[in-house]
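You will see two complexes here that share chain A, one where it goes with chain B and one where it goes with chain C.
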Partner chain A sequence: MKTLLIEIIQVLLFLALSPLLLGWIKCLKCLLQNRRPPSIIQPYFNLIKLIRKQTIVPCEASWIFRFTPYLMFSVSILAGIMVPLFAINLPIAYMQIGDVIVLIGLFALARFFLVLAGMDIGTAFGGMGSSREMLISSLAEPSALLVLFTLAMTASSTNLYLIIKHLIESSFVLRPSFVFAFLGLAMITLAETGRIPIDNPATHLELTMTHEAMILEYSGRYLALIEWSAQIKLMVYLVLLSNIFFPWGIATNLTLSSLSIGLLATILKLFGFGLILAITETNLAKLRLFRAPYFLSITFMLCLLAILSHVILEI
Partner chain B sequence: MNITCNDWRHEFALKLAPENILLQEQNVSILTIQADAWQSASKTAITFNCRFAAIWAKEVNQNFQLNIPLELNGKYLLLRTEIPIAKPEIASWANIYPAANRPERHTHDMFGVIFLDHPDCKRWTRHQAWSETEYPLRKNFSPNNPAIEKETPPDVDYPFFKLDGSGVCEVPVGPVHAGIIEPGHFRFQIAGEDVLNLEERFGYVHKGIEKLSENMEIKSLIRLAGRVSGDSTVAYAWATCQACENAINIEPPKRALFIRAIMSERERVANHLGDIGAICNDVGFAFAYYQFSRLKELWLRLNAEIFQHRFMMDCITFGGVKQDLTTNDIGKMHQEIADFKQELIELFAIIENSESLQDRLKTTGILTQEIAEKIGAVGYVGRASNCDYDLRRDAPYLPYDELSIKVPIFQEGDVAARLKVRAKEIMVSLELINELLNTLPATELQFNYTGSFKNCEGIGLIEAWRGELLVYVSFDENGKIDRYYPRDPSWLNWPALEQLIHGNIVPDFPVCNKSINCSYSGHDL
Partner chain C sequence: MDSILHYQQIASTLSMLMLFAAFALLINKRILSLINSFAIQSFLLALATFGQAFILHRYAIYFSALLTLTLKVILIPWFLRRLIFKLKIPKEIPQITHPFFTLFGALALVIFCYYIIAPINLFPSIAAKNIVVVAMTIILLGMLLMIIRSNAISHVIGFMVMENGLFFAALISTQGVPMIVELGVAFDLLVAVVLFGVFFFHIRSSIDSMDVDSLNRLREDTE
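Our next item is the complex of A and B:
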């Protein structure tokens, strides 16, 4: 019962903290650009505003357009269950309901529907955004799988809870495969969550958009769900980065003290990654669209090196 | 023969119409030729390598008078001919000068002049609000016609360029955009992300400037001129005043001219600052955008403090300027320029050294010198493609005749080159303002003209921040405005965008467009 409660709390935390994380990144970016930042909780107000607003659906839209926001949001909740946020040793880990392959698959499912929804309404921008999204994801997804396979081979499990448990229980060794895997996953995070240098989340220019172009016609609560899902996705990726490669502090037993330490450590790590993300985004311009494949092929090489160095050096 | 010029214009007149008189009037010479010599004039002009600057028509008695100013080596020659209203047909220049394409279509839509053998004779400015047989700039057309009050039908049948083939998509963009920019429609034909063809369609901000100006008093005209294109309000007001002053042959006092030049340079700096930031923002480099926006804002606030208007609207009056500069104002400007120089050197270094930014800007949207010359690109668009022309240096008007102007030139013709030209121009302008402030002569501010403006005409030529701004003004027998035609530099630079986008990809269009940053309002009139 207690573990179930913790499981529910974890999902709720994903829902509740993801806008805060985005607000934090936005604040930092403002400060780095010498501007006065908006309130850190501004993303919450934006979501509330969108939920209250009238939802307008294009007359050409089919069921795909209406269904996609709900699907994306459900996927985000499932991802929230599968990714350990601040505690391991939860019963879910042993229930075998989902592992890293399912996680990547779920995100691919959400993307599949979002791409269809972008084309569903028949505008030129939606189609362009969809085609670009597929270009980027077709290169990013295999890399993501390679990274996670490297981890799975180390821990002899594809379950994220067990992977982290294995890492935290084995004594610390600097593994070359993990250095490559970390760099690879960090670059995948930029690509998969639509950040600079791959996509610009702050642009108003229809012709340059990728993610934003697909959701141009969404409004009201549909848009709120999509934005919220995107925020959760960003948080999931940052949690993966921080909990796999820096697993220290995560709660291994279910006492209140270790749980609170685990939560605090996770939040600190997330905010640290937010800072790195903000600095990266401030220093870089967006890549030319056809440079994105180069970026992603470097990512793929890093991930391949990770798995190779694991096989060659660490077995 | 009464030929007073001893440059290429002399030869031109001898070759084309030796029996005709070449009139020297202020800054341009006028050569009147027969309508049937219009086509051979275009051929002569191209052999001379003249630049086509504009074309406009004017109703004179029972005729349409057509005017084409040509420029070579900083000297202007105005070709003029007349055709009867009953049979308004004339040879087109557009086959030889692509720059004549849209201005001729504009002239057709406004006057009903038919240009024979025009390569692309579809409508341009013609609005759905008036019918195909109505021509608003004819004197018998009344703007208060009740028929115009009715609802304007939608524009559905504009014959866009078509392109077929497997994998070719058409992307319509605008006129309503997601950002706060002026309306314009861009029709792309793309294959994947590559742009195969771009067609521009404008006219969405047609305000009827030319019709509105008819029968205006000179004071109202100058107020109107300041509102043709808000970001160039100083340039428009100055060019219009200069045209009127040329018409009656007066010269404003020197102090007034210096203050005009200071305002004009301040306008240049403000716009260049804003646009450099915007170019960086279009490739996702937000840091530079916010820094340059901040500087522009500070600059505009000092405008507001000194000239009581952020954009210095209505500060130039006929024969002078509205207000003087105090020693306090001069001190503030000097101080600001010193501060800006320091900050700008730092910021330009950041732009120059940011590899990811330069990667986006270099080789993007290349306008070759050949094409730039062919379409007659002016201003920073031309100067980034090695077209070395700046009115302030090559055809200096007062007070620039006393100053030496450095004109930055680049060969590459890409977005990075256009950005660099503008960055350098900011520094040149800051120096110029300093120099103008230091040598500000102590004269009156206003030339008090009490004579009349009957039946006279004049041309104003100013290097606006976008490039050469040409304004034609003529007065009728009552001293009211008979015809006002401002030719924004954008008329010459908009076609450059269609050309330089070839070989680029769709997501690079916004930054290419921003690097040109033509005026919609100044173009649509």
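Our next item is the complex of A and C:
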């Protein structure tokens, strides 16, 4: 009963904290660029405003257009169950509900429907955004799998809870493969969540946009669901980065004190990563679209080096 | 024993970072960042050498680490940078035609070296053997850099990278070469760089470019 409660709290935290994380990143970016920042809870107001507004569906839209926001949101919730946020040793780890491969697959499913929805209306922008999204994701996804395979080979498991459990229980070892895996996963995070060197999250009407181009026709609560699930996706990737590579502080038993320490540590780590993300985004310029494969080939190289250095140096 | 184990972890991480620097050299576009990547790689090598000296308590290795630091991290990059400014060499080097294939060729070299070194059983430890694999790859990547680039400066950098890899392999597999060998190699290197500088002047004045491919078109007038 207690563990079930913790799992529900974890999913709710994913839902509740992800807009705050985005607000924090936006705030920091504004401060770094010498602009006056919006309130840190501004994303919540945006979501509430969108949910209240009327939803307009284009007359050519098929069921895919209406179905996609719900699918994306439910995928995000499922991802929130699979990724350990502040506690491991939950019974869900042993229930074989899903591992890292399923996680990547779920995000691929959501992306597949989003791309279809982008093309569904038949506008030029939607098609362009969809083709760009497929270009980027087809290069980023194999790299993500390679990173996660490196972790799985280290921990002899593909389950995220068990991977983190293995990492936290083994004594501290400096692993060269993890250096590369961390860099690779950080670059994948930038590419997959549409952050600055690949896609600019702040633009709304620009010829080079990717994510925004696909969801241009959405409005009202559909748009709210899509934006919310994009925020959750960003948080899932940052949680992966912080909990796999810096697993210290995560709660290993279910007492109240260790749970609260775990929660505090996770939030601190997430906000630290938000700071790093804001600094990187301020320092980098958006790449031209045709330079994106170059960026992603470097990512792929890093991930392949991670798996190679694991095989060469650590077995 | 514990500290040796820690050093092995640190050395293997440093070796992988050096390998990454070699990869960065392969795909770099600007000549100054090429030199910087080389300086970073040499700095990592110097760190690894310091670590080895600390573990083995050998003053000769401290000395060679210091030599690496002054020579390859500070002196040679400074010299090359000065040459570039003096000769007004263009800062951008021509992009290699297929960076992606080059990268995968380089990755194939990693695997190749792994299979070459795997059957050899003469190393002090398994970790040393694994690190020698990486050092060997760095040597081959230096060679690859010299093959794929037609720019004379890249050739010099490729040569230095090969030397870095060789030094690293010697350091790990023999636990430090004698100081006399080390001194000889270091001064050879310094002389080589000075000679390269002279060659740059000559290439520059005869073909007015740093692209050694255009040397192929030079021929004697047959009248």
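We take it that the second predicted complex is superposed on the first by the 312 of 315 C-alpha atoms of A that agree within 3 Å, B and C clash if a C-alpha of one lies under 4 Å from a C-alpha of the other, contacts with A are read in each partner's own complex, and residues count from 1 in each chain.
Assume contacts are C-beta pairs under 8 Å (C-beta built on N, C-alpha and C of every residue); 3 or more make two chains touch, one makes a residue touch a chain.
Since the structure is predicted, the reported quantities are computational estimates derived from the model, not experimental observations.
Applying the stated contact rule after C-alpha superposition, one finds that A:Leu5 touches neither chain B nor chain C.
After overlaying the two complexes on the shared chain, residue contacts for A:Leu308 are found with chain C alone; chain B is out of touch. In the superposition on chain A, contact of A:Tyr294 is made with chain C only, not with chain B.
When the two structures are aligned on the shared chain, A:Val173 is found in touch with chain C, with no touch to chain B.
Applying the stated contact rule after C-alpha superposition, one finds that A:Ile48 touches neither chain B nor chain C. Shared contact residues of chain A with chain B and chain C: none. Of all the residues in chain A, the ones that touch chain B in their complex are 29, 32-35, 124-125, 127-128, 131-132, 196-197, 200, 202-208, 216, 282-291. Those residues of chain A lying in contact with chain C across their complex are 173-177, 179-180, 294, 297-298, 301-302, 304-305, 308-309, 311-313. Residue ranges of chain B in contact with chain A, taken from their complex: 169-173, 177-179, 192-193, 280, 282-287, 290-291, 294, 354, 356-357, 359-360, 364, 505-510.
The part of chain C that touches chain A in the complex is made up of residues 6, 9-10, 12-13, 15-17, 19-20, 23, 27, 99-100, 103, 107, 110-111, 114, 127, 130-131, 133-134.
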